[in-house]
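Encoded as structure tokens, the structure appears first; notes follow it.
For clarity, chains are labelled A, B, C and D in written order, and residue numbers in each chain start from 1.
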């Protein structure tokens, strides 16, 4: 069995111990002989890297760990690359949350004007990474967790040749949640799941081949407010929680306006505490506090995906891939989040057919926004950037006309070589 | 040359003199031997009908005029039927404007929640009229001006066999406006025009085959606010003025909230004054005050359309027809507003190809709203009604969840047999 | 674990021992408690049934066997139904081979004018069976082997509500053949396989995730004539052997003309010998002579499919299902033969995307032929029947104009109630 | 009114007097001030040019005529360019007819293997001409009569920027023929006409808006053989006469085999006689013998098209344009022959919707053949050339496998720089 080199870009992330835990556990069937963490923040890399080293050593697996700030060195000969970077760090994320609010629109790191700014910063960096992967590896797989995951994956698939699969932990969390409701294993579940990353709907839930949608819907509705319940009843599907931003835009905006701290500001604090924790030399495993950070089952999603590729398992996982006709109503060359067969030759989407008329227009509109955003980010095209914001359901004409884009560009200047030159 | 019978349903409308003026002027090439005005409001019919009688008499055309409240009698043997009804009258319109405002959404007679209520009231009546046309005429043409014109036309084309063409005066007004800017005749103009009724864009303007879009755009922008100018520059198209509701939703909502009277309330007063005027027996032509009522060139649009059918002229007019592939990105079985060749066998749409990504999602979403509305109105399906409102960009989840639909149904009860029975 | 009732329609077929062998072997994971063989030919049923009984008895599985000519009784409460009928028997097949030859076109039991005649005879019977399944079972699965398998499956999926999956042994034989070439297990193989039943192409072959197409192509070409090799090199795919009829129509026609006996006539003899063999009471297993009959791995295909449904295995098998967007260039409502995920809720096709321009037109044309044939067979529409023949690449205008259809109808009269009444 | 420069490439053609007659007649509304005939065959150019000079002089129109072999000079500043070249002349055409016959397939100058050879020779020359037009004119219109007209037009529209419209006299002849049957003017007729150049169907015929298809069909059938009548009855459309090659392939092949001379050989003789005639200095008009040459109404088609562009008439003519969604079932980027509105900004196709299932596959297959041929001719790609022949309904695998392509390339060597270099 071929032994593997796995490179984690953004390896200094506090999430890394979660991923490493999965790799250690899966070593028997997915034998990583070399684990390379690379990051531009040397301090964080060392803190996180030390914990990872202790984790590896306390386990019995012969994984060789290396920490480096030299991306090219880290990529050389890699078989799998996991990307979990955040361009501009949490401080840029906080801007993504704060700037839109000044213009009366929702601020969020992956969707709306905030996610848009994030995409503009991130896409050029990811395409640089892709170039390195093309040059330095033997056709390695790139597992992209970097947000906004769907948009970044589309940029990679349209503008590089790297074999990329986009990942998010929302789908796997649906599996765990529904399996838990039903008292079964996640492998018993199949989801008829359609849409885009952070804009998806579970249309039907099957357990061992039986349609258990109604049972799941009843359970899901129990945890909702009356208004939310109304929507779920109306569409008879389980919406991705990010759809809350779309269905309850005004309420979310009010809540954000009246909130003292943004999610990014809270995360900043959590991260600092986590890093303190990580420094504790007696800590030899992922600390429980990490769960507050979000990202549940992130490790499972990544490791299961890589395992299925490596072992040619041909099981079904929900990932981000080129649509290529899977959802009839979305463009062939747009990335979608759908159930795929994961094999040694990649992720093959299942034919999901047509979207229902009451979800179709939203999915289409956001997909066009995403495509304009990708093209704008690659070409440095300000007109397309404005058009992207104009059509985004959470932004629109008002924000465009009043200088939101200008402010975003200005505040992210150092990260936007495509608009300002290097 | 075959002489014609023309039936005007809603003949008591204050607009009728405008239409009749056109018919009198066009008599030479479009010989109406019988003009039948039918209305359920006998009083208005008599006032308007008397003015029409004086108009016909003072001209030299041998048109036989009849006024009746008996629709079946009025339709018997008709060649052309013009429909310009308003189910529930202006009082219902005012409700369409007022009710949505209570729920924090825009109130408007043809779009949003107001237009939706209007469609629910109007579609059953129009399908009844269509049944009469099927039975009582020899395959007469139905020229539909009844609002919301695109939605009503779709209902007629999907759920009756009557040869229907939907009409609106917005397109013809673009022609007059641009011809005026250029100092040419409207016949010199061709518009690359796409979208739906009250949701359309002029992509290019041609004058005698030359692309004069930039010249027109400059002129159009002169009359706009800075914000509006920003949008026009961004899309590089001339938007239908109804798009203002979509691009500047918040501003419109604020303006409506702070306005004392709705447009319907103003129209009510204009109408009353007009009817007073019409009673003046010395009046023998369309009074200038009618222009305040709106509906400029309404007569031209209707008469030119009927002429081209009657004469098999095969000229181009912008009307509402089944898409049938004309706009690639919209459903085949949905009505669109596009340039059509008007011939003796009907309106044949020109292939308009794809929509630009920055207008496509909006046109698609509103089309799905329209299709759900049509189906809901025909089937009396409350779920589809709610789904229609949910996805409408001017309404959305909040309004649905908070009882807007219930209020609309309740307040329009007497006009909604499909939901409440007769 | 729920125990199952399996009904085999056409259970008197000489193929049945093959199927039964598979069921006996798979009993552990696919526990058939009742096996019901039903046939209209009581004599054959008894001969074959006796052998089956000896096979079951000599194994240690507690399968209850019943033989009957009463279809309704056989279907009552069934969980799975396998259909392997041949309407009109081999004598009708021989006509399907002989009649077209008289008109100068190829005679074949599943394709061309012969397959067409077969479809006309078979579809009404299969829709009757479907009606019984709807009424008498609790939503049983129908595994259709009845030829022409793709066309019959489309008729069932469009005109009944029975959960049908169409099966053919061509795909599984590709798996065995390629696995054999590579010295691996068939579970190591994935095929990028597109098209229709008996009109398909293997575009790529993967072994444990590696693209081994070139290796397979080399091997395949070794066994071909020079002309055939030219075609394979040109398309760079492995064609279904039935494509020989299309690519080498003239040569096949010449060969058929100069051949003394048709395939059906040979089969008739093989069958008779087989039945003699079956009568031997000492015979307690499938005799080796059965392999001459064709249908290799037929048992595997059927049993593996049923197992995956029963066990919700979600593995990939190539079967006939509604296209529903899987192949972008074919109609949504047409049956295609593509890789599908087989789960407890049925067969979900993988998105296969676009067809190459040099195979697309043929697949489309034959699909339209199939759709016209299905509609003609259901509606008894002679015009559609003629149009079907007109566009079939192996038939065409000449045969239509010269009375081929009339002859087919006349010679199959007793089996065509939709054209001649009952 | 702007006066025009018209350049005729292939001006030495014996057809030219026909075209010039139309230009002289149309001078009032389509004022050609300069007519430039350019040809590579100086001798023919002088003979034909002298006749044209006498025609112009004997009329009263102030057209300046120039004859030249210098294409660049002839194009400088042109407003309209008519192309009617034949690369390799009639001798190459005769090869196109003879070579396929050696391989047992039909030989024809515009369709099948002959038309294919013609396309390979012609496309590079036409793209060179297009380059000159791009450089030397102010965005002149190119009216392409050069055969195979649809394929050549597609090459021009896909691989140059010249505003090209493809023309054929088949559609206009349908108009004249049907108008004659009905005793009306061609302007009274509208045809629902779909397909490709030399592969089209008239679905419906309208006269002054009335559907007169049945009347026309009856008349058309009168002139047909029994077999042909069978096809027309079956499809209920009037087929383009070139469809005879497809529907009656075997019969045509037999007829060609037993024919002493090919059409090209006959034309060669007709041409020689015509040129003799043209030399007669007393001849000052188009001689009646020209009608034997074929090409009836060729002049009308060309002049009417140019007039409508020049005058922005927006009437309907059937020409070859990019599909762009007009026929839903054909690729957007393929050229089709459909009714178009002809305006100063070009030809805008009417939405023709879906094709009937019994004509769709043939139109699609031939379109894919055409697209492969265009790409092969532009790229010099032998594989695509073979694939094109493989899928052509009149050629197929046999011919490909047996060296037909090799022979075509060899025999046309001097005209195929894309395959053999210059």
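A few points about this structure:
As a convention for this text, a contact is a pair of C-beta atoms (placed from the backbone, for glycine too) under 8 Å apart; a residue touches a chain by one contact, two chains touch by 3 or more.
Note that the coordinates shown come from a computational prediction; the quantities given were computed from them, not determined experimentally.
Touching subunit A and subunit C together: no chain.
The chain with its Cα centroid farthest from the Cα centroid of subunit C is B. Centroids of subunit A and subunit B (each the mean of its C-alpha atoms) stand 46 Å apart. Distance from the subunit B centre to the subunit C centre is 56 Å, each centre being the mean of its Cα atoms. Chain geometry summary: the mean Cα position of subunit B and that of subunit D are 44 Å apart.
Shared contact sites, meaning residues of subunit D that touch two or more other chains, are absent. Pairs of chains that satisfy the touch definition comprise A-B, A-C, B-D, C-D.
Residues 188, 190, 206, 208-211, 309, 312, 314-316, 324-326, 328, 332, 341, 343-345, 348-354 of subunit C are the ones touching subunit A in the complex.
Put simply, subunit D touches subunit C in their complex at residues 104, 226-227, 230-231, 234-235, 247-251, 357-358, 360-362, 364-369, 371-372, 383, 386-387, 390-391, 393, 396-398, 400-402.
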